[in-house]
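Across the two complexes that follow, subunit A remains constant while its partner is subunit B and subsequently subunit C.
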Partner chain A sequence: MIHTIKIISQLAKPLTPSQQGRVRGGWVAALFAFLLLLASCNGIPEDERLIYVEPTAAPQTPESTETTDTIETPDTPQIVQTLRYVLIEDFTGQRCVNCPNAATEIEQLKDDVKTLLNVDAIIAVGIHSGPLALYSRGNILGLRTEEGDAYYDHWGIEQEPIGYINRRGGISTVDKWSTLVREAIQQLSDVHLSLDVSSDAEARKAEISLEIANAAATDGYVQLWITENNITALQMMPDGSANQTYLHQHVFRRTVNGLWGDAYKAEAGVRDTLTYSCELDEAWVLENLNVVAFVYNNDGVQQVTEAKLNQ
Partner chain B sequence: MKISQKQRLVVASILFLFAGGWESVQAQEKATLSGSIQADVLVPQEDTKIGAKKYDETALANTYADLRLQSRYVDAGARIEWNQYPLPGYESDFKGWGLANFYARARWKTGSVTLGDFYEQFGSGFILRTYEERSLGIDNSLRGAHVLWNPFKGVALKVLSGQQRHYWKHNHTWISGADAEVSLDEWIPALGEHGHYLTLGGSYVNRYAEDEDIPYDLTHRLNLPEMVHAFDVRARFQTGGWNLLAEYARKSQDPCYDNSYIYRPGYAAMLSGSYSKRGLSILLQAKRSDNMSFRSDRTVNGTSSMINHLPAFTMDHTYALAALYPYATKTSVKWDKNQKMLLDVAGEWAFQAEFGYNFKRRTPLGGKYGTTVKVNFSHVHSAGFTPRLLDGQLKGSDGYESSFWKWGDETYYQDLNVQLDKKLSANWKLNLMYMYQRYNKTANEGEGGMINSHIAIGEAKWRINNKLTLRGEAQYLFTKDDEGDWAFGLLELSVNPHWMFTVSDMYNVGETHNHYYQAGATYNLGAHRLQFAYGRTRAGFNCTGGVCRWIPATKGFTLSYNYNF
Partner chain C sequence: MKRVLTTLTLLCTLFVLHAQDCVFQFEGKNLDNGATVTIYAEEDPLFGWLICDTNPSNDPNGLFLLNKTSKELSCSATISIQSNTLSNTIAGDDTQWCMGTDCMPIKTATKSKDFKLPANAKIMTKFETSPTKDGEMLTKLEVRTGGKTYTVNIRFVNGQDHVAELTTAAVHVVEYYTLDGRKVNEQPHGVSLVKLSNGQVRKVIKR
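Let's turn to the complex of A and B:
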């Protein structure tokens, strides 16, 4: 150890005057070279900033890509893989000034996927939650729910807007959603879902029937939610203004079957029909309500579907 | 995060160095072993009135233990952190425990080599500043190698390379850099002989990051530059009581989350001048910055992974109500995706002026003991810009044009404060402050409009006897905006040599009528310091050194322990 230190000390002794002159000159020359090098850093021009990514081909299955009509008839009992639809859980809040940008991104993604695949393969749910969301108070119509807050706390969310795409790859900021959606729609699903929903306006009740067909063994959970479109309520906008007439879409209202759904297990080739009933709040507009149903496990959302309450 | 096999090997190497260094210097001269322990604990309680939430854990704590060996030729050190149940308000990745920092340094007369974790700042930090700030949860140290060399008098060279810490991992990018400073007064003897000192400096920092998939839309992704270059040049001139600093920094294309993935290069320029002589000080500063957020991970936001630091150019206030609305340099772009409108850019002008004067004792204005007056003015303003989008989109475009002198429409922050320090008698001291503050809450926090406040502060200290000192503060903030008026009162009794007792309350007069009370005691014994308190803390921003962190409201018992040896 002592010898090593001595060697380093020898190498690092102060320079003689002639050595100093040479080093000074070398330093100035290095500085010039460095500045020239930097001057040559021109950057990426505008017409070279985008790289084309091959869009996914529609799955090569005999059936159509609609989850609602891929159930086989008794004559042809084989269930095959189908397109996996994409669930976007958009954690948002009425006081979140950047959240309208996330809503616009969702609409853009829906349009892009429809153009690509010719189906509405994206199902979004806006979960108003956390300190940037509002409970109803006085004249303010709040869209925040306790169940939404439970999901917010469970996923460890710290900021909004933030999203979960098919519950894979972790929660992510809006800038990454296109990539995650692109990856999601390239995957096929072994699960077919079909919803049949009816409602009783007088009793404020919905009756839900969910058919599940499994192309392979499934082990996970079935979750159903009620969402509502076209809610006019306050929303803070990116410019800091308060928009009192903002139209909120696909707002999470409540779960049908508990916070984390019901455990579900089935063998390949099995078809099941699950039935639920759900109370509908007086404040909700029946014509704007939807039921979202999805099957998920540790590998993410396996399939998702959506149906209007009043079909 | 437990201590991994690799870390065990490193610790063993450091201990070996310790042992070797210890042995070698024992033979030559004394080595110093020093360190510290810091633990901050909160036993939280739910309080729905102030928004203090319930926690599953009984107690939350941040704990740090440092050990340092210093000798003539060899230094080494390590730090263990235990933040498995961290205090509220830290980012989720902050949670964890393990060996957070370790290094070994060999030193000789003209330089040093450091292996392991190190901190460094080039110039004012415009292109590189790595530091630790525990209250903000910031530790952006680099892990790699650092060389410092003073080849001859007046020249200091630094070269470094490493990966930046992001909580309990290191970002996969490489940060490399070099810095040179030349004190011309050492080369030109006439300068030094006349008391003129001129230092020139130049720095370069490079971030290498592999390509990644940042989408433009469903069928396109961005072509990202793998190398981002930043350079900084500066000149400092000092003569007599005068001190002048001019600095300019530039960064090449760096599309990232902060700037919404635009390709505009960034820059920062600063001019600072000060004059001081006995009883008088003047400071004038101006800064222009544009798109200078520089991180070791393109997609990260929040308080982590920052390579550089842009000072806020506003006064760091210590009085509670003066610090209610703190400012930090804007580094992000504001975009309305639906309207396809660029609302604000990551650029600003900042000015600061300070004048201090001491009226001598036994003069009419100075009184028996003298009086010090300080006036400080700071103003931060938006820079004008013209959007330059690409096919109507911000991502992938140049973002905007903003010429250096272009003045924007918005004031981001302004404050004018006048402070008076006066010793009234042998036992009484008085500090008074008046402040007029303008804080653009929309620009800084997203919404809330402009908050105009008048703040009056009085602080008195009474030395009762050799053992007892009583200090009191009374503060009032007048505003028609945000939550309205605030009042603050504090009493602090010091009982020498060991004890201090504090009681305070911050009360929202205007809207919520919430009391944020605190009562506590501090005990000092040698190198040990123990603080115990109970009360409420308000939700808000903790801004230290120009970086802000959102702190949620809390209520409960707090315990802090510090030990330095």
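Let's turn to the complex of A and C:
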């Protein structure tokens, strides 16, 4: 036991600046210690234990919003707290030479957390926005959107790359993301999200069903976005060069239910299913589309999940 | 003996004061503190619009800040647009400044940022704008670190060059072109394009 504690204490050394954004010993140790704490809750009644339940994804669309089946379910299994997934909103632009560094950092964070928890608990969205982003023009495929610009303006962004980590702690520069993710991933959530998505390739439509299970009372908003992976398009690089075959990941394409989503309120123990349908642009590759769904309020993102569109 | 010591102390003081932790570099050469670099508008090969850029995408030797020490430096930088006739606004159009870990769209005359300059490293100091008319933009960039200030002045020019200003003993005119791309034997009156022996193409005027 002493040996174990020693190892943990060695792993948990504070990070030096040069270690930030890399595989972090302290990172691993903090989460490892956290999991050990969870695993050592002997004597707690079974119905009060914290049980990890992996959130799953369900589909939804923008034009029609319909709430169905608000059912109080005393006979169904108790809803317990679960791991809180982490939403990274990465404000970025194709003209921004430093922005690829943020994409690299996101991939590193995703790998670190996946290695540790064996789940894809980091959900990133690249919001191309502001003057450093590009609209399509001539031969240039631009990834900027008016909705992305609306978020950019709303948050008063003055530089890129910059982002929110679960919309907590203010908007932050990339060098702070690893610390914020480390803090965020150690929190539990009272909200379970489960997405079910299907699409009609002919009609270019997605049908999305989002199940929300509330371990405690929830008061906030439900937001759904469409993102796209593997888009080959121009990106200015950190060395000043132009990479015309840069592979853009998790690019924000559109909202499903408006800029700020739908108001959502539920009592503890309640399960809801929300359904949406959403039109999909002809230029988007269906196989590469994802739906991102999250519940947020003034305390930040309470839970987030993601599902591939073409399941 | 006292005189010698005084002289040595004075020399050491001067040496310490003169010691520079950082230096701006342009086109691979160190710049004197407070130097001015002049950059002419060119058509951006990617976007097709006119651009003045300290670090164009097709040129790896633009404007950089070099940390000459073996320690990381905490820097505070300010960019100030002193004057601008390239656009109808003081900050110009599509103006951005990239230094440190981020890029900033510039919409006001002055912007500041803090960043870390890694040991023995040089970082790109990218400043660009898209001229909408002929004129000049004069900008001062100051970086403060370790109690010292390092300054470079950036002069963007669009469409008002004279051939005599562009040519030197090492750089001469290779070809003249009209604005619609027709090659001509000598510089026409009015605005035309000139190709220089250093590979650059400039818009020039002859009155």
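Note that in this section the second predicted complex is superposed on the first by the 235 of 311 C-alpha atoms of A that agree within 3 Å, B and C clash if a C-alpha of one lies under 4 Å from a C-alpha of the other, contacts with A are read in each partner's own complex, and residues count from 1 in each chain.
Methods note: a residue touches a chain if its C-beta (ideal position, glycine included) is under 8 Å from a C-beta of that chain, and two chains touch if they have at least 3 such contacts.
Note that this is a predicted model, so its numbers are computed, not measured.
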Is A:Pro100 contacted by the first partner subunit B, the second partner subunit C, both or neither? first
According to the stated criteria, A:Arg182 is in contact with first (subunit B), second (subunit C), both, or neither; which is it? first
Just checking: does A:Asp112 make contact with subunit B only, subunit C only, both, or neither of them? Give me first, second, both or neither. first
Considering only touches as defined above, state whether A:Ile140 meets subunit B (first), subunit C (second), both or neither. second
Determine, under the contact definition given at the top, whether A:Pro161 touches first (subunit B), second (subunit C), both, or neither. second
Could you say whether A:Gly240 touches subunit B, subunit C, both of them, or neither, answering first, second, both or neither? both
Taking the superposition as given, does A:Pro131 touch the first partner, subunit B, the second, subunit C, both, or neither? both
Return the chain, subunit B or subunit C, that is in touch with more residues of subunit A. B
For A:Ala263, decide between first (touching subunit B), second (touching subunit C), both and neither. neither
Taking the contacts subunit A makes with subunit B in one complex and with subunit C in the other, which residues are shared? 95, 97-98, 101, 131, 158-159, 173, 175, 236, 238-242
Can you list the residues on subunit C that touch subunit A in the complex? 46-48, 55-60, 62, 72, 94, 96, 98, 100-105, 113, 116, 124, 126
Subunit A residues within the subunit B interface of the complex: 1-2, 5, 8-9, 12-15, 20, 23-24, 27, 31, 34, 38, 41, 43-44, 46, 48-55, 95, 97-98, 100-101, 103-105, 108-109, 112-113, 116, 131, 156, 158-159, 173, 175-179, 181-182, 236-242
Using the touch definition from the top, list the residues of subunit B that touch subunit A in their complex. 20-21, 23-24, 27, 51, 73-74, 91-92, 106, 108-111, 113, 149, 151-152, 155, 180, 202, 204, 213-223, 225, 229, 231, 252-253, 257, 260-261, 263, 265, 299, 301-302, 334-338, 341, 343, 390, 395-398, 442-443, 446-449, 552
Subunit C-touching residues of subunit A, taken from the complex the two chains share: 17, 93, 95-99, 101, 130-132, 137-138, 140, 158-162, 173-175, 234, 236, 238-242, 244
